[in-house]
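The following pair of complexes shares a single chain, chain A, combined with chain B in the former and chain C in the latter.
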Partner chain A sequence: MTNVMSLSTHTTASGFLLPSIHSAPPFFTQQPNPGTQAIAIEQWTRLILTYARHRRLFVLRVEDAETTGNDWDEILRNERINRKLLPPYLSHILSAMVAKDLAVYEPPRQTRSVLLYWRSPDEWAETLHSWATATGQLNTILTFYDITDPPIESELTGIPIPLLRKAISILGKTGRAQMIGVADGEGVRLFAGGR
Partner chain B sequence: MGGNQSLPKITPQDRAILDLKLQRDKLRQYQKKIQVVLDREHAIAKAHLAAGQKDRAIIALRRRKYQQSLLLKTDGQLEHLEQLVSTIEFSLVEVSVLHGLKQGNEVLREIHKEMNLEAVEKLLEETSEAREYQKEIGEMLSNNLTLDEEDAVQAELRELQAQQESQIPQAIDMPDAPTTELIAKEPAAEAESAERTKVPVAA
Partner chain C sequence: MALRRTTRSVDGTIPVPALLYKDEEIYVSQDGVGIYDGAQKSPNHQAGTVFVTTHRLFYIDSKSPYKHSFALDLSHIMQTDYYAGLFKSSPKVTLHLSGNSTTSGQGTTGDDEAGFESWECEVCAYRNPPGLSPAAAAVCGLCGVPRTSVPSSTASVTSQHLSSSLPSSTASLTVSRSSSSTGTPSFDEGSSSIACPACTFLNHPFLRSCEICSTELPPPTHQPRRAMKSAPSSRPSSPESDDQDPTAPRIIKVSFRKGGDKAFYAVLKRSLKSKMWESNGIGTSARGLDPRVEPHDQNTVGKSGITGILRTVESSAQGRETGMLDALQDLEALMVKAKDMVRLAAELNEKLTAASASGGVQSTPGLASSAEPEEATFIRSSLSQLGLQMSNAPVTLDMMKDERRWIEELARELARVLQGSSSPPSKERGMMKDRGVIALDEVWGGWNRARGVALIPPSTFLLVLPHLPHFTDPPVQARTFASGLRVLHTPPYTHSAFSARLSGMLALTGPKTAMQVAQMEGITLGLAAELIAAVETDGDICRDDAAAAIGGGGGVSGGGAEVMWWANVFVGYTWDGQQ
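And now, the complex of A and B:
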């Protein structure tokens, strides 16, 4: 790892600053030394989450390491040093992230696709609540589509429904959200509520 | 959950509003889908034309036209739905405003009940009586000073005056006016002081 210092950072086409470790060939292969491996996984976790936040990506699949031309090309491959992350290693990283509650398998009962928590469900709950407050939509019945696809783009635009559900159920525990179900679908009503 | 009790009941109105909004969402999604179809038919027509198949291009364009008319129709329906939703929500606001007014009115009436005229009159009377009483006490106290005490007050006043007078003469202790001639020295002194002020400016 001594030569890492001489490696340089790189700014991708989407404007993301890759850390210098991304230019180190060993970073892309699993390390036999468990200590080194743990550090590498930590670095990968941070890289994946910061990149996901930068591009507002919510889902990472093992498949993304198997194909090219997807949202994750910029970090799962490095053409400049001719390296790419192999699917088994990605799968390993994903399981480590799930173990640390930084991601969750979605849909559950499979291990090929995760929902990334670059914001925890608790933080999403607060985001949802402050958005509804700021846009004056408290005490109004909202459909999920109102939240994920608002006429004015918000922080919640494109949020996956499973994550939205988690955020709503967290708000529900403090009496700040109420689910309403009808034959055709579901809606939610948010309240100011005390903490 | 204790929190659940504070949540309002879900009324049939709420369900109706949600139903309407879900319908509106469906229309919006449908519009998105049609837009995709429109773009695709356009591409197909272009491809056919490039391949020299004019008939097929025309068919694709006809299909496109039909989809376009659907899009227009859904626009109208969407407008209706959105209007209906807005009207309902506005009516709900009106209802809650009315409710608020009613409650305000009730509270005002309660307050007025407690504040009837007789009570106010009685209260004011009592207050003025108390003020009279206070005044009497004050007068009695101020007249109650003995002659000795009055003398002591006067003595204190004299002492204060004496202190003030003893401070004033020190302030008026002025130096004597000069008696010698000064004119000859003055220009030199002025030049010197002018130079002194110049130096810091230059630095």
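And now, the complex of A and C:
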């Protein structure tokens, strides 16, 4: 189907290229038709994850659609067409993402806030291992702080602890990591692996 | 004795409901009661049943109902006491009766007849039905004018009651029944007539102008009725001999040997309070409703004049309606019986078939075969005319043919209503001349209005609809929306046609509100919304709700314009944003 409506992509202040559908008002309305709605959710999921990776955002809350001035303004609102995502719709999108394992409710047992998996925990595990390998920190004890806030910024900078824990436990299953209790909290020792 | 003087003997072998006045109703009954006349037990009234009605209290003796049953007018009761009973003493209700007697043995029968018989109102010539209570019979049921030549007994009851609130003066004020029981009207027609000053015609006292020459009449000279009643000449000649002290309390006690006293007493009190015997019967045709609801209303609101007549007509209409409902209930009962009728008819049908089969072998085949279908058809068709269907026997071809022809005729007629007659280029325009789609209820209403008589029930209407496309040009079809709304529509409004048109329009001219679509299509907003919703269900269009506007949405472009319809922007979309 062709549209005379000129829907065009748009580059945001943060340098993110918004898809053209973001400038279509129906994109911000929950569609009663299940087929249409499925496509809309798919596009929203992709938009959220792409933007999260672009900005290195890990958490999305329903409140982000209720307030302005937060990290998500660029995609949850479109001033050019005077549309914003309403909280109930965002909540619905989040639940769809959780159902597809593209996000997880964090903290658990609530549905207002999710941890976004723009990289899956498996991918994060590999990232962690290759970072430790690259920086020569295998077989040494690393605190979580050492990983989330290294002296030289890495891909893991700012990773939420729950996500980091998941990544470590995945590495632990293949014998490439070991959780160690240290004086001021928890630490991990990473091994070359392959055993 | 209080008992003998205040009560009236009735024939207890007649069931109590048959003894009632037309506007009287039984409230409660209690068996196993005895009567005390004053302080002593009344020997003849020791086992019986009491009934309380709107007007009277009945005692029906169970041993000799013919001899010892009696009725007591509630209007005689001045006061009641209740005694709960103690040990072997049964609970009792004491009735204090007004001092004087109004009935005496034989005189009652004549009065009763006078009160009961039907009479014609002298003012409006309305034939008043018999059987009303004395108070109700005293005034005309239609115009509410008091009955002039009514036997005085009825009036005395009324006046007696009015004065009963003044116990000390009752005896002197009220008229003894015995004095008037001769049956002669106490009101002399001739003496009170008004002679016309112009033509000397003797006019009825209630007339204001002469019946013959319409000259205004002088006001009537005679005194009002009530004053006449209390005139000394009509006083009781002598109070009845009383073997008791005349000042002794005149009481009757009802002793409840089998209980039920509390409920009985409550109902008695209520009946006494409502004073139904005072009500003159206007509006009593609406008696099916609870007569206790507004007895005072009936008394206070005008019961004479035009208002009264209107009220009477109104209430009798109400009564008729109640009666009608009752009749319909009978019909419902008949419906319950319908199954039996069908079964019976089926059996009969089988027998006929069997008989004709055996007869066909023996007698002339031509005769039997022609006789059988006729009878069987008669049974079947009469059943189907009653709306009953035999499940095992199919409707005969004849009937089928008839019905089909009928339905087709109806369809042809409906087509004319919808599209106007096609043969001459008439000015007559059908309901769908300008509209491609129309709601079914509107069609049904319009058709029946056009018919005027012999209205079409919805069930038949629905039967006609499938035949409609054959008689309409362009063919008109029925369609049911998801909401359950049913419409008739022309080909441009089939789902596929409208869907294609709407999608194309949205794609070409941009998003639209349902209002704009309705305007462009020339249909109502409701129908447009239904049509659009059907297209949305297919996923050909999508919606943009103004509630999602940053400013809070809604109300900006006015109510009803909140949802904009878009061609479906999602279908076929491929990601063109950041990778």
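The criterion applied here is as follows: the second predicted complex is superposed on the first by the 187 of 195 C-alpha atoms of A that agree within 3 Å, B and C clash if a C-alpha of one lies under 4 Å from a C-alpha of the other, contacts with A are read in each partner's own complex, and residues count from 1 in each chain.
Keep in mind that, in the parts below, contacts are C-beta pairs under 8 Å (C-beta built on N, C-alpha and C of every residue); 3 or more make two chains touch, one makes a residue touch a chain.
Bear in mind the structure is a predicted one, so any value in this text is a computation, not a measurement.
In the superposition on chain A, A:Q178 contacts chain B only, with no contact to chain C.
By the touch criterion defined above, A:Y145 lies against chain B but remains apart from chain C after alignment on the C-alpha atoms of chain A.
Once the two complexes are laid over each other on the shared chain, residue contacts for A:P26 go to chain C alone; chain B is not touched.
Between chain B and chain C, C touches the greater number of residues of chain A. With both structures placed on the common chain, the touch criterion links A:G187 to chain B but leaves chain C unconnected.
Judged by the document's definition of touching, no chain A residue lies at the interface with chain B and also at the interface with chain C. Those residues of chain B that touch chain A in the shared complex are 1, 3-4, 6-8, 10, 14-15, 17-19, 21-23, 25, 28-29, 89. On the side of chain C, the complex with chain A involves touching residues 503, 507-508, 510-511, 536-539, 542-545, 547-551, 564, 566-573, 575-579.
By the touch criterion given at the top, residues 140-143, 145-146, 149, 172-175, 178, 180, 182, 184-187, 189, 191, 193 of chain A touch chain B in their complex.
Interface residues of chain A facing chain C in the complex, by the touch rule stated above, are 1-5, 7, 9, 16-22, 24-33, 35-36, 39-40, 43, 46-47, 50-51, 54, 77, 79, 82-86, 89.
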